[in-house]
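Note that the chains are named A, B, C, D and E in the order they appear, and that numbering of residues resets to 1 at the start of each chain.
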Amino acid sequence: MGITFAIIAALTLVSAIAAMSLRNLVHCALSLAVTFAGIAAMYLQLDAQFVGFAQILVYIGAVAILIVFAILLTRSSETPQPVISRSWIMGIVIALAVFGVLTKVILSSSIAQRELPAKPAPTVRQIGDQLMTRYVLPLEAIGLLLTAATIGAVIIAMHDKKGRGDGGQNVNSTPSRAEAHQHADETHNLIT
Amino acid sequence: METLDQIKDRIEAAVPGARLEIIPNDSPANQPSLLIDHEHAVAVAKFLRDDSQLQFDYASNVTGVDWLDAVLKEKVKVKQVVEGVEKEVEEVIEKKRAGYLEAVYHLYSMELKHGPFILRLRTENRTDKVHLPSLTPIWRGAEFQEREIYDLYGIIFDGHPDLRRLLMWEGFVDHPMRKDYVEPDDFEYEPTPHDEVLERAKEHYPAEAKP
Amino acid sequence: MISDAPGQMGMTSESASQVPLPEGAGQSNYTVIPKTSAEGTSEGELLEVAMGPQHPSTHGVFRMDVVLDGEHVVKLKPVFGYLHRNHEQIAESTTYLGSMPYTDRLDYLCSMTNNWAYALSVEKLAGLQPPERAEYIRIITAELTRLVNHTCLVGFLLQDMGALGTPLMYAFRERELILDLFEALSGSRMMYNYMRFGGCRVDLSADWIEQAKQVVDGYSRFLDEFEKLLTENEILVSRTQGVGVLTVKLAINASITGPMLRASGVNYDIRKVDKYGIYDRFDFRIPLGDHGDVYDRYMIRVLEMRESVKILNQALRDIPAGPIMDPKAKIRGFRPKAGEAYGRIEGPKGELGFYLISDGSPNPYRYRVRPPSLINLTVLEDMCLGETVADVVIILGSVDIVLGEVDR
Amino acid sequence: MLGEGIIKGMVETAKNFVGSYHDPKRLTTVEYPENKIPAKENARNFPFLVFDGVDADKGLRCVACQICEKECPPKCIYIIKDTVKKPDYMGKMQIQPKIFDIDISVCMSCQICVEVCPFEAIKMDTQFELSTTDRFENLLLNKRELAKPNEYYHKIHPTEATEVDERLAAEKAKAEAKAKADAEAKAKATVAAAAAKAAPTPVPAPAK
Amino acid sequence: MIGEFFKGLFLMIWKVVTDQPDPKVEFVSVFPATIQPIISVLLSIVPIIMVFASLFALTTLLERKGLGRIQNRLGPNRVGPFGLFQPVADGLKMLTKEDIVPHSADKLIHFLAPIVLLVPTLLAYAVLPFGQNMVPIDMDAGILFFFAVGASTELSIFMAGWSSRNKYSLLGAMRAIAQMISYEIPLIISSVTVIMIAGSLSLVEIVDKQSGYHFGFLPHWNVFTPWGLAGFIIFLIASLAESNRSPFDIPEAESEIIAGHLTEYSGFKYALFFLAEYLGMFAVSGLAVTLFLGGWRAPLPFLEIVPSYIWFLLKLMGLVCLFIWIRGTLPRLRVDQLLNFAWKFMLPMSLINLFVAAIWHFTSVWNFRGAGLGRWLLCAAMIAVPYVWLGRTLIGNKKITHRTYRFAN
C-alpha cells in the first residue's frame, strides 16, 4: 500500500467516475482509456508484466479505439439529458446494497481467509506453458469462438459493402447528374 | 460540308416554321453564321446534332456579344434620274438599330471532322427581354459557357439546369462584359503614373483618399 | 435542423452533428446534411467539405464544394472566379497587339500556344499569311510548349498522388532546359509575347536550332527515365486505373478536348483535323486510350510527348531560311476590316480558340477566349462521383487545369 | 506487377541520387546570390531609355512622341512633353519629354513599347534585382533613373545594339544625304530663282 | 569526493567506449545510497533522450539532403557548413512560432495529444538493447511491452484529430487509426515468428540467439533465413505504415487532407508531433534491427572490435535511409487500397510466414546431406508461391493490366 498505489488508485477511480459522468461521449471514452491504463499500472505494480502489457495492448490499443470509433461512426445520440437522474436516491440505495452484499460475500469467502502465498515470479514462459498444457482446452475454445466471431464480422462487413452499391461506382444512380447523363445518352454512338 | 444555304434549306424542311437568316461575314475568315429564332432553337440544334450528314456533335465555343443601340450607315445604290440620264448613285442610308444581346455557338463535328458551323441567337433587347433558350440539353459542353454568358452579359437561358453566376460572386449586380458597364470606383487606392484611380477614389471616398 | 416540436422524439430531431461536439463549439463550421432516402441505404450522414481555394492540391485558387459519404463523393460543385480579372474586357479595351502579352497570362505554362492561337485568329480576321519559316518556328515552339505542359502536368499529377515532388523535380529539370531555349529566343522564361500577326517577333539563330536539337534528343532519354520511374509502378497503376472514367459519349457531348478526349478514345486532334499552320507536312500519330481513366490520361500525355519529339526532330531538320513576317503585317496602326473570325489550335490542354469581332477600329469589338481548362471541368463531377477524396485530387490533376485560364 | 515496378522506380531514384553528385547536368539549381546564370542576350525585364553621348538630359533619344504611352497594354508609361525644343547632344533642336515615368510595379515586360518606338529610344533592360521596401515610390522610375547610355545597351544586347546603331547611322546618313540633296536642291532652286530674278523677263531658251 | 566523482565518470565513459558490462556501477556508487537508484535511472534515460533527439535532428537534415539529392537538388546548405545547423534553425523557428489553438477546439485534449503521443514513444526505448551491455530494462516480456506502448499512440492521434474541430483533422485521424490498427497485426505476427524461433519475449535473448556465423562469415541473423527475410520485409512495410511514412502517409496526405491530424497544430506542439513521429520511426527500426538484423552484432567476425552500439546505430541509420529513399520514390496509396493491402496481402502473408517459421523450426532436426539447402529451398518456395498467388489475386480483383495504346494517323 505504497504511495504509488495510492496515486494509481486515485487516478483510476477519478477517471472511472469521469467516464461515467462526463457529458461528452468522446471525453468519456478517453477517461475510460485512462482507467484502463490505471488498471494496467496496478497489474505491473503486482509484478504481473504479461497481464499488464496485455491489458495495455488490448484495452488501450484496441478496446478504447473501438469505443472511440463506435462513437464516431454511429449517429450521435448525445441527448441533452440532465446529468443527475431523478431517481438518484434509489440508485444510491441500490448501489450501496450491491456493494454491501459483495463485500460481505468476499470477506466471508475462503479467499479472504487464506494466507497470502509467497510472491510468485510468473514468467511469460510459465504462462505459455500453462496455457499450452493445463488450459489448452479453454484456450482452443476461446480461439474457436474468436474465429467464429471474426468470420461473422467479415460476413457482416461484406454484406454491407454489397448494399452500398458497388462501392459507389455506379455513377448513373446518383440523381444530381442523372439529367446530364441523359443528355449524353441522347447522343448517338460515336467514333473510335 | 454542305454550304450554309443548303443547310438552311434542309433545316427549314426538317423544322417547319423555323425562321432562319444567314448573317454574312465580310472578313477574310469567311465564316458566315445562321441566326435562328427562339421558338425553334432547340429543335434546330437537335437537328444539327443528329442529322447524319451534319452531326454537329461538338459545341466548341459558346459566347455572348453585346450590341448597343447603333446607327448603321448603309450604302445603297439607287437608280436616279440625274440630269435626265438614269444613273446609279450611291446613297448613304442611316438606319437605327435597337441594341440586343447575342449568343454565338461554334459547332463542329467530331464524327465527320468538319466545321465550324456558327449559330446565333439574339435577344429582343438589352434590358428586360433577355431570355434565350438554353442549348445545354443538346450540348452539355455549353453548360459552363452559358453560365458565363449569363454572368457576364446577363442573358437568361431558359432550360439551363444550373444557371448561376460562374466567375463573379453571388450578389454581384451588374454584368461586366456589357459595353455600357461602368467599372466601380471603390478599389483600393494605389498611386499610378496616371493617378486616374486616385481621382476616382477621391470622388468615391472624399474623406479617406486624401493623402 | 433542430425540431421545433418539443415532444417529437427521435433521431432526426437531435443535434445534427456526426461527432459529439467539444464543449463550447457552438459556432462550428460543420455542415452535416442528413441523407435523403433517395440517395442511399446507408445510415451515415454526409459531410460537406470545401476543398479550396487554399487547398494544396487544387492547382491554384480553385474550389470544389464536395459532399462526402465517409470518404466517397456524392456531390461535387466546382466554384470558379477567384482569379477572375475579366481578361476579355481588358482585351476589348486595348489594341489587337496590346492583348498579345495578356494571352501569355491565360495559361502561363503554355504561353507560346496561347500566342499562336491568338495570332492565328487575328490572321484569319485580317487575312494575313505568315511565311514558311515563321510557320516552322511556330510549330517548333508549340511542340516544345506541349512538352513543357505535359511534363509539368505529369509531375503535378504525381505530386497530387503523394510522390513528394520527385517526379515533379525531374519534370522541372527538363522544363528548365526548354525554358532556357525560350528565354534565349523570346527574352522571357514564361511570358514570351513572341508571336505577331503574320509571323514571329525574333528569328531563330542557327545556334538556337543546335541547342534545341540537343534538348530534343535528350528528351526521349528523359521520357524513358520517367517511364521507368512511374509507368509500371504498382502504386501508380492501382491508383489510376479504373479511376475517374469518362465515357466517349459524355466526353463528346460535354465538349471535352485535348488529351482528355483522346484518352477516352476519340480520334480528334485539331492538328490533324484543321491542319492549321503546316501540320500536314509532318509525320506524327495520335495516341488514343480505350478506358478514359486517369491512367489513360497520364499515358496519352506521355505518348503525345514522344510524338511531339518526333515532330520537333522533323521541324528542326527541315526548317527553311526566309523572312519571318508577312510583309503586309503592320505593328503600328493595325485595324482589321469589320467582320468576325474564330480560330482555334490544339493547345496542350485542348482546343484553344479565340473568337474575334472587329468593327474596323484598332480595338477588337468582341474578344473571346475558348478556355479548354474551364470546359474540360464540365465533367469533373461526373468523373468524381462515387470515388474517394484521394481520387478527386488526382482526377482534378488529370484534367490539367491552369487557373489563369479557367478564371480568366 | 508484383513489385518490379517499385524496384525499377527505386533504382531510378538511386541513379539520380548518385548522379546528382557526379553529373552536373542533373543538378540544375544554381545557388543564387553567389552564382548567377549569365543573362541571355535576348533577355528582357523592364524598359529603359537610351541616350547617346554622356549627358543623360541632352542625349535622350526620346522625342516624347507618346506612341509607347498609347500602345502600352497595362498603361504604365506616363509622358509629358516639354513645351520648348532643346538642343540634343548633337546640337539639333528636339522636343524632349519633360516627365517620363514608368511604373515597373505595373509594367509586364511585354516589350511592345520597344517594338512601336520609331526612334529606337526605349529598350529592354536585363536588370532584375529591383526589390525595394516601398512598392509605390521606389518602383516608379523617372526619366533620370530610366536613362542609360548607349554603351550600356551595347553591353547587355550587343547584337541588337549594333544593328540598331547601323540602322540609325544609315538613317542618319540617308537623312543627311537627303538634307544635303534638299539643301542642294534648295540652293539650286535659289540659284535658279536668283537667276530667274536676275533675268526678269523670261527669256526662252536662247535659240541663238 | 570530487576526485572520486571524476574517476567514476571517467571509468563510466571508458567502459562505454570499450563496450564493457555495467558501466554505471562505479559512478553511481559515488553518490549517497538514497539517491543511487534515481541517478542510475537518470544515467539510463538521459543518454537515450539525448542520443535519439540529436539523431532526430540529424535525420531531418539527412532526409532533406537525401531527398534533395534524389530530386536533383542541393538540399539545405545555408545554415552552417553544409547546412549542418539547419535543424537548429528549424527548431528555433518552431519554438518561436505562435502556438495557435483553434477557437472551437477542445483545448485540454488539443494540448494533451502531443504529450500523450511522445511519452509512449519514448517509453518504447526502455526495452531496446542498444549494445552488448546497454539495455535500459531487460524485461521478460520486452517485445510485448514495446507493442503495448506502441498501441497507445493511436489514441493520441485520435485526440489530436478530434480535438482540432477541423474536418480534415478528423478525416486524418480516422485514416490514421484505421491504418495503424490494420498494420499492427502483420507487424506483430511477423515478429511472432522471431519469438517462436528464439523461444523468448526478451529482446536481449533474441539478439543472443542471433550470434555466431555460418561458414565463418555469414552471420546468424534472422534476415538470412527465408521466413526471416519475408518477415523482415513484412515488418518493414508494416512499420512504414505504423510510423505514417510514405507511401503510407495517408493520414497526413497533404494533397488530399492538408496535414491530417496535424492541420491545426503549430509551433512547439507541432514540433512535438514531428519529434514523436521520428522517434517512433527510430524505435520501430530499432526493433527491426533487433529482431531481424542481429541487433548490435557485427556483420563479420573481425569487425567485432567496433563497439556494439555503433553497429546498432549504423543498422538503424541504414533502415532510416531506406525509409527516406522509399519516401523519395513512391507515390501514396489510397485508403481503401491500403487497407486491402493490409488485410488481403500482408495478413495472409504474415500468417503463412508464421507457418513457414514453424516448418523451419521442425526441420532443424534434419541431418541428412544437403539438409540445410533443402530446408532453405523448401521454406523459400513455401513463401514465394503464396506471394505470387496473393499478389496476382490482389491485382486481379481490380482488373489492373499492362495496357497498349492505339494510334491514329
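Criterion: contacts are C-beta pairs under 8 Å (C-beta built on N, C-alpha and C of every residue); 3 or more make two chains touch, one makes a residue touch a chain.
It should be emphasised that the depicted structure is a prediction, and the values quoted were computed from it without experimental measurement.
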So which chains are sitting against chain B and chain D at once? C
Smallest number of touch links from chain D to reach chain E? 1
Which chain's centre, taken as the mean of its Cα atoms, is farthest from the centre of chain A? D
Most central chain, Cα average position: C
Report which of A-E and B-C is connected by more C-beta pairs in contact. B-C
Centre-of-Cα separation between chain C and chain B, whole angstrom: 26
Approximately how many whole Å separate the CA-defined centres of chain C and chain D? 35
Chain-centre distance (mean CA atoms) for chain C and chain E, in whole Å, is 42
If you average the Cα atoms of chain B and of chain E to get two centres, how far apart are those centres in Å? 66
Which chain D residues touch at least two other chains? 1-3, 6, 9, 12-13, 16, 26, 28
Scan chain E for residues touching two or more other chains and write them down. 70-73, 109, 162, 170, 328-330, 336, 395, 400, 402
Residue ranges of chain B touching at least 2 other chains are 57, 110, 140, 143
Across the complex, what residues on chain A touch chain E? 26-27, 30, 33, 37, 40, 49-50, 53-54, 56-57, 60-62, 64-65, 68-69, 72, 123-125, 167
Chain E residues touching chain A in their complex are 109, 139-141, 144-145, 147-152, 154-155, 158-159, 162, 170, 174, 177, 181, 184, 200-201, 336
Within the complex, which stretch of chain D touches chain C? 1-6, 8-9, 11-13, 16, 26, 28, 40-44, 67, 71-73, 108-112, 115-116, 118, 124
In their complex, what parts of chain E are in touch with chain C? 67, 70-73, 104-106, 109, 162-163, 165, 167-168, 170-171, 246-247, 249-250, 253-258, 327-337, 395, 398-403, 405-409
Parts of chain C lying in touch with chain D, wherever the complex brings them together: 94-95, 97-102, 104-105, 166, 170, 172-173, 176, 180, 183-188, 191, 193, 201-202, 225, 228-237, 331-332
